Amino acid sequence: MSKILIIHGPNLNLLGEREPDVYGTVNLENINQQAIEWGNTHSIDIDTFQSNHEGEIVDQIGKAKDTYDVIVINPAAYTHTSVAIRDAISAIGIPTIEVHLSNIHAREEFRHVSTVAPVSRGQICGFGIKSYILGLEAALSIINEK
Amino acid sequence: MSKILIIHGPNLNLLGEREPDVYGTVNLENINQQAIEWGNTHSIDIDTFQSNHEGEIVDQIGKAKDTYDVIVINPAAYTHTSVAIRDAISAIGIPTIEVHLSNIHAREEFRHVSTVAPVSRGQICGFGIKSYILGLEAALSIINEK
Amino acid sequence: MSKILIIHGPNLNLLGEREPDVYGTVNLENINQQAIEWGNTHSIDIDTFQSNHEGEIVDQIGKAKDTYDVIVINPAAYTHTSVAIRDAISAIGIPTIEVHLSNIHAREEFRHVSTVAPVSRGQICGFGIKSYILGLEAALSIINEK
Amino acid sequence: MSKILIIHGPNLNLLGEREPDVYGTVNLENINQQAIEWGNTHSIDIDTFQSNHEGEIVDQIGKAKDTYDVIVINPAAYTHTSVAIRDAISAIGIPTIEVHLSNIHAREEFRHVSTVAPVSRGQICGFGIKSYILGLEAALSIINEK
Amino acid sequence: MSKILIIHGPNLNLLGEREPDVYGTVNLENINQQAIEWGNTHSIDIDTFQSNHEGEIVDQIGKAKDTYDVIVINPAAYTHTSVAIRDAISAIGIPTIEVHLSNIHAREEFRHVSTVAPVSRGQICGFGIKSYILGLEAALSIINEK
Amino acid sequence: MSKILIIHGPNLNLLGEREPDVYGTVNLENINQQAIEWGNTHSIDIDTFQSNHEGEIVDQIGKAKDTYDVIVINPAAYTHTSVAIRDAISAIGIPTIEVHLSNIHAREEFRHVSTVAPVSRGQICGFGIKSYILGLEAALSIINEK
Amino acid sequence: MSKILIIHGPNLNLLGEREPDVYGTVNLENINQQAIEWGNTHSIDIDTFQSNHEGEIVDQIGKAKDTYDVIVINPAAYTHTSVAIRDAISAIGIPTIEVHLSNIHAREEFRHVSTVAPVSRGQICGFGIKSYILGLEAALSIINEK
Amino acid sequence: MSKILIIHGPNLNLLGEREPDVYGTVNLENINQQAIEWGNTHSIDIDTFQSNHEGEIVDQIGKAKDTYDVIVINPAAYTHTSVAIRDAISAIGIPTIEVHLSNIHAREEFRHVSTVAPVSRGQICGFGIKSYILGLEAALSIINEK
Amino acid sequence: MSKILIIHGPNLNLLGEREPDVYGTVNLENINQQAIEWGNTHSIDIDTFQSNHEGEIVDQIGKAKDTYDVIVINPAAYTHTSVAIRDAISAIGIPTIEVHLSNIHAREEFRHVSTVAPVSRGQICGFGIKSYILGLEAALSIINEK
Amino acid sequence: MSKILIIHGPNLNLLGEREPDVYGTVNLENINQQAIEWGNTHSIDIDTFQSNHEGEIVDQIGKAKDTYDVIVINPAAYTHTSVAIRDAISAIGIPTIEVHLSNIHAREEFRHVSTVAPVSRGQICGFGIKSYILGLEAALSIINEK
Amino acid sequence: MSKILIIHGPNLNLLGEREPDVYGTVNLENINQQAIEWGNTHSIDIDTFQSNHEGEIVDQIGKAKDTYDVIVINPAAYTHTSVAIRDAISAIGIPTIEVHLSNIHAREEFRHVSTVAPVSRGQICGFGIKSYILGLEAALSIINEK
Amino acid sequence: MSKILIIHGPNLNLLGEREPDVYGTVNLENINQQAIEWGNTHSIDIDTFQSNHEGEIVDQIGKAKDTYDVIVINPAAYTHTSVAIRDAISAIGIPTIEVHLSNIHAREEFRHVSTVAPVSRGQICGFGIKSYILGLEAALSIINEK
């Protein structure tokens, strides 16, 4: 049975509890539940991980090698600053898909650049919680290609 | 019955016939067929349009207003140079989703910037023909939100 | 009898029908009518032309040489990207006046730069439909100078 | 009776007396006379003010609030360097129109940028003395809109 | 009773013990003591937190929501690189005041830019330990405004 | 008895009379009164000076040498453009504190840079009228250090 | 018999009829005649195509695949703005030679950059009509290499 | 008898009285005396003018036309920011020589650029009071050339 | 007996286990063993530390003061982004040598800049595991200089 | 009889002997022989000169004045760095043609800019040894124009 | 008896013989004669040196140490590109004065920057042959200061 | 017996004789002696070469091919400006190691960039004469790898 790891970057633990007018009432747990349900439907094992620590995300990616088929990552704020996460993805060689809740290309200019994008398979942004589900669909098609 | 317009930008008419080592043997017709099949499955009317002319794409978007619920567009080379397509999308106000076959953020630096992105709902890139199908899925969730 | 050609760039065909809250209910026909009325008052022949196609605008300017005394152009989105329209104006040598409905210098930074301005006599922007009438007044004073 | 204040920036006092080959023999007095005549024709009170001092122009704008309906300003050299004039215009909230004798967008690159433009209604440049008259026409249409 | 959280960024734990010629003999404990004394005088509860870990600072801000009225933060080196701390401040919505011991605008150019400043109420820098006390004074006036 | 000079830059004379929705109903006189009251409480002589003229501010700083212990300056618009004020501060060598009503680092990008900051002791911004009082507190601690 | 396609970009249709002082009295027909004569001499079939429309040039390149051995292109104004023409050349894989009448590297700075150059075999500029003939000579040596 | 006007920019009135360790004990009066002595020796009338006000310097240059043969100017801080002084020099057409006490090209990067230089005959910097005397020598050779 | 601390930055824990075609089969343990052997030969105590966490590296440097004579650091991905590690090195004042396995100046442009270099004694890059040994040799000569 | 000087810049002496996989087995002697043969065919005297020394190339150009009708130069690495060669070409006023073996516009970005191009008649690049022959053909047409 | 070395950079050997309309009929010999005459008048030994070779100029400066009191250098084209000449001046520590015939700050932008200026005492430019004489006068005052 | 060529760039001939406070009393001869001694110890033949001439260094590298196993080069000032040295290294294909006495990344910003680095095996800087010895050690390990 294939396995996908979903990594949530910094501040995503705050989702839904705060700023409901901006992000709606969806919280991280909802995203994870929907992802796991999607996994059940498609017979894929879904693990999820959230951290505000760049180093913990790097640790987690480093340990992913022999366990996961695809990583779906929302690096959040680290998207724009972390070379370490980029190098981790590059080092382990597992296909990685970058997702974002908001359309980062329509926000402040510094959010248009992703250090992670050049080592990812692709990027999906702007569709809220649906960005994750589309990321999982993309992951599935990569798994099926093998 | 909801309607989605798929717009293919310049040189996508050459897809599949040439450079099979790069883009595989999938051609534009295949993409359109898969999109229409997806439409049949989800009871959505799919129209497709390809042009190498920036002006024709602007014309087409201008006429889309009362006919389509969502536009899925792969602006190809015009992604990086066209303010006119951006303004057309902005003028008609139909939700628009930007898709790309390749991961534009992993290619030459001038391809990282999209003039269209700030007026789109979101961007999906890097998954080949699957980018279009994911774009349609995103479109469907926008239609269902209404 | 002197003749002035008014050229409207991309998406100006959409004016008035859409986004009435932004641009008011004035549409392209209204602008053209006001321009022609102005022409009648001042005994100037006014022709108007709109296209979403950069190439058609270039064609039109190329054919303007022996027919028109002045060109009044709102290049819209092509203001910021078209070297071809600039070169066409430069090639035919007819005095050309650049007009804009909105104050382009108060909008996004990429709209502050006009490739067409260095080959135009002057620029008028920010006064809505009145920008065109002021452009015609400026044209008239150029005609009278001859 | 409506009132318009015309502000002339630095070195415009030298106009006409010098460099007649460049700027013609028109001098500041001529511009002011033509402006006042235009005012008489349209029943608008015109006041004029020239200073080489950034601070005096800021003073003058600050005092304009309850006296004038529109300001027509040619900030000349201060166009490209003065944040203080920009902030003054922004603070008093009177509609302001920026005019220039020459086409600043066709001159040295540092003259293409106006710090004042983002807080003005619009910009008119390149038509010599006629730029002022067009500025007054634009002012009139703003007065009539109220 | 109102509560203020003081966050000290990386390397501030080294303060005073080292480089006494540069920073004097004041150490982090002294700052915290002075802050707490100030709190006693003004009947404000002061909590302090220091970490060299960006992620721990993000964690701490995320947990601050219902506990603190104002945050006073010296992000130190993370001032110039951390989008994650910026997003955390932005997410919780507690008024935040940025303080620095040295005048960052008089140091190396890369220290002039603060990623945190656009989401803070204000910035105080250059007054050594006094920067913190002024930050607390500013915090008090924000509390009193409510 | 120690003396502090407060210098207010361009357009601050307009404060309070206009745009009450933005800056509240506080005007320059209120700021000066609060500053003088603060001076009375702390036995410091406070002089205040406002000018819209860069040259007058330079004059004033040049004359401050033997009279004042500290200068508190809000250079307003000249913050971002004046090398002359910077050089004046640098020439006289009196400790100078830069204050701003608004958080300049959260506004337009050109307001993030202060030519005056590298020759000031520190910068305080974003706390409205309180910025001045905090500036005076900082000045007091500098006086006490001597 | 080998075949070469010559593509002339925007405004080259105006050549010779206008601005004889700049470009001489040579017009597009003369260039085409000289090219065809050269073709007769070297037993090469020469086709020529001119368009002011970026899209038509892209169309033409897309159709060139099985018909032509080499393309000689003067992209004129599109040299500096068109990613679409670049991608078309790249897609069909026919050796392409970029020619210019004037020395683009000695003109305005924006004309120094060619988006087409990185996908061309080489660039020849600055020799007027002779640039085309040299381009054909270069084409011939590419044909002979095969 | 020929006449030369020496203009001293902002803060030069402070010279010598302050910072004797940096600029020596030479003050503005010394410079003027040495200049006038030089004038006596060479039978040239020397007038001197100092102002901290950009506008006053512009006024002074505007009035110089029929009175002076050459202007020697040390624009000090306005060297790097004033377009108005540049335009004044350009408008009156009197040969102008730019001098600086210090070597501006060896100081902070923003001091390397002079807005005045492109309209001056030449620039002399780095020789203290001697820069003025060399400027007068250069002026003399320009007067002798006529 | 002198002591040297070797710090390995993020992802170096993955070395050797993965991408053997790129980095060979050398892993972190091998590097540490070689370093310790080198230490034995030269009678230097070698401690090693690896972390993916910027904060832990900052912690470690902060604690190094009284224990180590020299630090040899390969900051890996944090080389290009970490001001915190730079400030830590700067704060403790222990001579620090920066090493890299690969030649960072021959890789992507963002890897050419090291925030750590300006506070290090020197930089050695491009020699694989040998970079560390050369770093230790350099450390030894610094120890011997004392 | 007309004379053409061919100048080969640095490292072209190494051509052909090394890196045959990149540049083929053609060496500098071959180029010179082909050039001289071309000269014999067209009754033009060809002199050739190679140097790795910028100064020697400048010397050679300086001495070319009364001897040569045209210079054909491949400045190689000095293309991108030498203002001295540019000034030499500009000083002697002999028509100069710039040639390159490779397409410099398709290589590293720093090779896209030529300091020599603005003072040359034209540029030919990308056709290997043929670039020189095309340069000679261009030279011939310049000689014939006289 | 004091000694001054005058160094002339590349292409100055061509002066006067060519382009008399630009530089007049003055040639290098004239400059050297005038300089030597000046030396005779002021009892200063003048040596002169010209080279088109950056390396020879570096050699010459390196040998100047114990022989010359001041160097007057016109680095010509190497002004804008040579770090080697800068380092040579810096290494020998002899006071060096930079002169230019033309006003380099009024020419192409790349000529505004001098790599040599930061290690020179001062810069004199724009006065033709007089620039050298003024440079010698400046040198004399440096000699007299000792 | 293996052979290494050490190349010293411009101004290194001045080392030690001058500025002993900066570079110590070590001179070029000392470096060469230490290098040769190192060579004796490791049975490697060491040749050394110094030149202030970019062209001579390029000549020397070009002749190194069949004689040397490794080049150790300190390009000094040419590090930052020479494309010719870069191309020479690239052309001959001998492994090359870049060394610097000082830490170039801690000096002026223009010294942070090395044109030579991308074609070198690695870079060692900041350790004075020891940089050369470390460079030789690195060379040895490259020789041993073969």
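Letters A, B, C, D, E, F, G, H, I, J, K and L name the chains as they come in the text, with residue numbers starting at 1 for each one.
Note that a residue touches a chain if its C-beta (ideal position, glycine included) is under 8 Å from a C-beta of that chain, and two chains touch if they have at least 3 such contacts.
These numbers come from a predicted model, not from an experiment.
S.K.: Spell out the chains that contact subunit D while also contacting subunit I.
M.R.: Both subunit D and subunit I are touched by no common chain, going by the contact rule given at the top.
S.K.: Hop across touching chains from subunit H and tell me the fewest hops that reach subunit J.
M.R.: Counted as steps through touching chains, the separation is 2.
S.K.: Of the pairs B-C, J-K or I-L, which one shares over half of its contact pairs with G-J?
M.R.: That interface is repeated by I-L.
S.K.: If I superpose subunit F onto subunit J using their CA atoms, what angle of rotation comes out, to the nearest 5 degrees?
M.R.: 180
S.K.: So the centre of each chain is just the mean of its C-alpha atoms; given that, what is the distance between subunit D and subunit H in Å?
M.R.: The answer is 31 Å.
S.K.: Where the CA atoms of subunit E average out and where those of subunit J average out, how many Å apart are those spots?
M.R.: 63
S.K.: Just curious, how far off is subunit G from subunit D if you go by their C-alpha centres, in Å?
M.R.: Computed from C-alpha means, the inter-chain centre distance equals 48 Å.
S.K.: Subunit L: which residues touch two or more other chains?
M.R.: Residue numbers touching two or more other chains: 53-56, 81.
S.K.: Who touches whom among the chains?
M.R.: Per the contact definition above, the touching pairs are A-B, A-E, A-I, B-C, B-G, C-D, C-G, D-F, D-H, E-F, E-I, F-H, G-J, H-K, I-L, J-K, J-L, K-L.
S.K.: Okay, in this complex, where on subunit C does subunit G touch?
M.R.: Listed in rising order, the residues are 53-56, 58-59, 62, 65, 81-84, 86-88, 91-93.
S.K.: Residues of subunit K touching subunit H in their complex?
M.R.: 103, 105-106, 112-114, 117-127, 130-131, 133-134, 137-138, 141
S.K.: Given the complex with subunit K, which residues does subunit L contribute to the contact?
M.R.: 9-11, 13-14, 18-19, 51-56, 76-78, 80-81, 110
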